[in-house]
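Shared between the two complexes below is chain A, which has chain B as its partner in the first and chain C in the second.
Our next item is the complex of A and B:
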């Protein structure tokens, strides 16, 4: 009994060790050499702990931002950052092990569905799966699920999303890439499909975006850290200005409050940088292991890959989708609080990656005019959904942040609106 | 030899590209050290060759990285990668 207690208390509830064991299992199943197995396991654990360190930095910067925002504008503003949600779930809520095991369960369910149904999609965008397992674990916990039940339900729900999302996107992806070799594995797919349908309605047969000559000035936003900085720095500085020097002094001490806000904005970017560096280390062994095993079990598998894989097919559409989504998200930021929803600040990283990909879908369905109109609708949509989810997130105890990727939000709403009342019946 | 795959985030598409490159190199019988990262970090990483998407070409010009670069239309297309990689590998005397 003591041995079991020791295992539960010190191994299975210690998230870095849990995820290390999952990696170890993957490496052993692939029959890697002893050296590769040791280094792979070590790097996975290292990645997980780097990720936690980054999250602590994000939380610190967000706490400051939340305080000055409330003081400056007299209302709450939420930063859409799935990274911050993931970090807080692991550190503050202590759900790290649940998230790691749910991730493993999603892998397994994905392979089972692909093996036995006609949907042969294997979801290979590791970070998206990590965000999905985060939401499944967090909301499973919120619904009152614990232990094995939480992980099994999360694995089934997440696994279904991992196959269903590439499947609903495939008709459009086929049109974009011209074949069925790859699928789209990015949990913003509900937004893309909506964009394509709206574009079809409004675009008619307008000219393709790729026949236009666009300025190249916005391309620098493809650099994640630059694009976050471009928004966060002015946002922090202007907000600090409204909050005033006396209020900021509580945090800034003797440093000038504007300078302090500037540095805190960069500190936020630092947090994202460190967190994503951790994710990269964490996934470096897990994803190839998953891919190797999946390809053996499902020989005719179609890999579902991250959205920038589609970017080279329509670079102009990416820029148009980004700009129109940003316009939509700014309108949404001011519009939705009028209906009593919290204010969601534009998340530039999502606007670029999801907005850009939405532009490609919009263009494929309805040309330039379609891409512009549907992009604005997409921007409104990806602002509305986080606003709807945020009261539940606040209930659970998340600070100043809300989710981004809309599929993960749909998953959260599914848990909160359907599963929770259902479980409440018993 | 070290080959670096680069994308905006350094997580998804560069990683997918890396796994495809790994397959191509295996077929060609070339051993190389592969890694992936984001655009900001690419400048400070040591590599003999950088692979990235066409949409990043102008940005690499701005960064003025001296490492040879290959830009791809399709990040996970084995044929395109093989075609574009072969001249470089021949030049290095690896195949």
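Our next item is the complex of A and C:
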């Protein structure tokens, strides 16, 4: 009994160890050598600790930003960062073990659905699955689920999303790629389908984006961290200016408040850099284990791959989608606070990857005109949904951040708007 | 509806009949011309050789030439898209034969293709 208590209190509740054990299981199932098993398990645990370190850095910067935003503008401003949400969930909310086990459960449910139904999609984008498992675990906890129930429900919900989203996108992906060999594994599918439908309505017979000659000038997007910095640095500095030196001095001390704001913006970028490095280490062993097992159990599986898989089919559409989504997200940033929703700041990475992919869907459905109009609508959509989810995120205890990938937000809304009231009846 | 037995399904496409020997011969001709080419012309030639072998279902040779093309110049062209398709075919074959090593090898190759796609998109900005 004491041994069991020791295992539960000191091992299974310790997130880095839980996730290390999942990696160990995956490596053993793949019959890796002892050396590879030890090395892989160690790297996974290390990845989790690095992720936690990155999260702590992000939270400090976001705490400062939230305070000066409210002081400066009299409203709440939220940074769209699924990385910050994941980091806070694992660290500050202590849900690391639940997230790790839910991730494993999602893998299993995905394999079961693909094995026994006609939907043969195996979701291979590791990072996206980690974000989905975060939302399922966090919102399951919010609904009052605990222990095995939280993990099983999260696994089922997340596993269904892992198959349903590629399946929903597939008619469009088939049109884009000309075949059924690959599917899309990117949890922004609801936005893409909306984009395609709007584009079909407004596009008419306009020519394809690939017939255009687009100017260059978006070099800042060539680097992930430069892209984040280009948005966050002016945001932090301008917001600090509006908050004023007296208010900022509480945080800056003797340092000039504008310089302090600049350094905090850099700190945010550093936090994201460290967190993502941790995520890559963490997933480096888990994802190969999962997909190796999945592909053997479902040999006729259709791999659902990350959104860059579609970029080669319409590169101009990616640019047009990014620009029009950004326009829509900036409009939404100012529009939705008029209705009492928080201000959602534009996320350049989301606007590039999700917006770019939406552009491809838009172009496929309605050419250039369709891609532009639907891109703007997509930008509004991906700003509205995080705003709708934010009250629940605040309830749960998240600081000044909101989710980005719309499918994960739909999942969160499902838990909060449907499951929670339903469970409240029992 | 949800618990259908696994059936072998293949995407049926209306493909024109291809003459394997003609395609291989065309590829061999292009290989002979390759030595005299450089720069963009060489990349185009490598891609065409790869595409011929792919259409002739000589997948290993197709992969070899398309990989050479991609190593010399990272681009998202017909060659890139065909190489991705071939990696997927080889991945499926490895899964059916339960060859773990080859399965992971081709899954890693597909990961590399995602990275190339991102790199090329970013460099074109």
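Just so it is clear, the second predicted complex is superposed on the first by the 423 of 426 C-alpha atoms of A that agree within 3 Å, B and C clash if a C-alpha of one lies under 4 Å from a C-alpha of the other, contacts with A are read in each partner's own complex, and residues count from 1 in each chain.
The working rule: a contact is a pair of C-beta atoms (placed from the backbone, for glycine too) under 8 Å apart; a residue touches a chain by one contact, two chains touch by 3 or more.
The structure presented is a predicted model; accordingly, all values stated were derived computationally and were not measured.
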Worksheet item: Put the two structures on top of each other at chain A: do chain B and chain C fit, or clash?
Response: clash
Practice prompt. Check the residue A:225 against both partner chains and state whether it touches chain B (first), chain C (second), both, or neither.
Written response: first
Item to complete: Mind working out whether A:311 is in touch with chain B, chain C, both or neither, as first, second, both or neither?
Response: both
Practice prompt. Determine, under the contact definition given at the top, whether A:339 touches first (chain B), second (chain C), both, or neither.
Written response: neither
Worksheet entry | Touched partner set for A:426, first chain B, second chain C, both or neither | neither
Discussion item. Touch test for A:291: chain B only (first), chain C only (second), both, or neither?
Written reply: both
Worksheet item: In the superposed arrangement, which partner chain does A:115 touch: chain B (first), chain C (second), both, or neither?
Response: second
Worksheet entry | Contacts on chain A seen with chain B and repeated with chain C across the two complexes | 124, 177, 181-182, 216, 219, 222-223, 288, 291, 303, 305-306, 308-309, 311-313, 315, 318
Discussion item. Show me the residue ranges of chain C that touch chain A in the complex, using the header's touch definition.
Written reply: 2-4, 6, 8-9, 11, 13, 76-77, 80-81, 84-85, 88-89, 91-92, 94-96, 98, 100, 103-104, 107-108, 110, 113-115, 117-118, 120-125
Fill in: Of all residues in chain B, those that touch chain A in their complex
7-13, 15-16, 19, 36-40, 53-56, 58-59, 62, 72-77
Item to complete: Show which residues of chain A lie in contact with chain C when the two form their complex.
Response: 30-31, 115-118, 124, 177, 179-182, 216-219, 221-223, 288, 291-292, 295-296, 298-301, 303, 305-306, 308-309, 311-313, 315, 318-319, 356
Worksheet, complete the sentence: The answer for chain A against chain B in the complex is residues 124-128, 177, 181-182, 186, 216, 219-220, 222-226, 273, 276, 279-280, 283-284, 287-288, 291, 303, 305-309, 311-313, 315, 318, 352-353
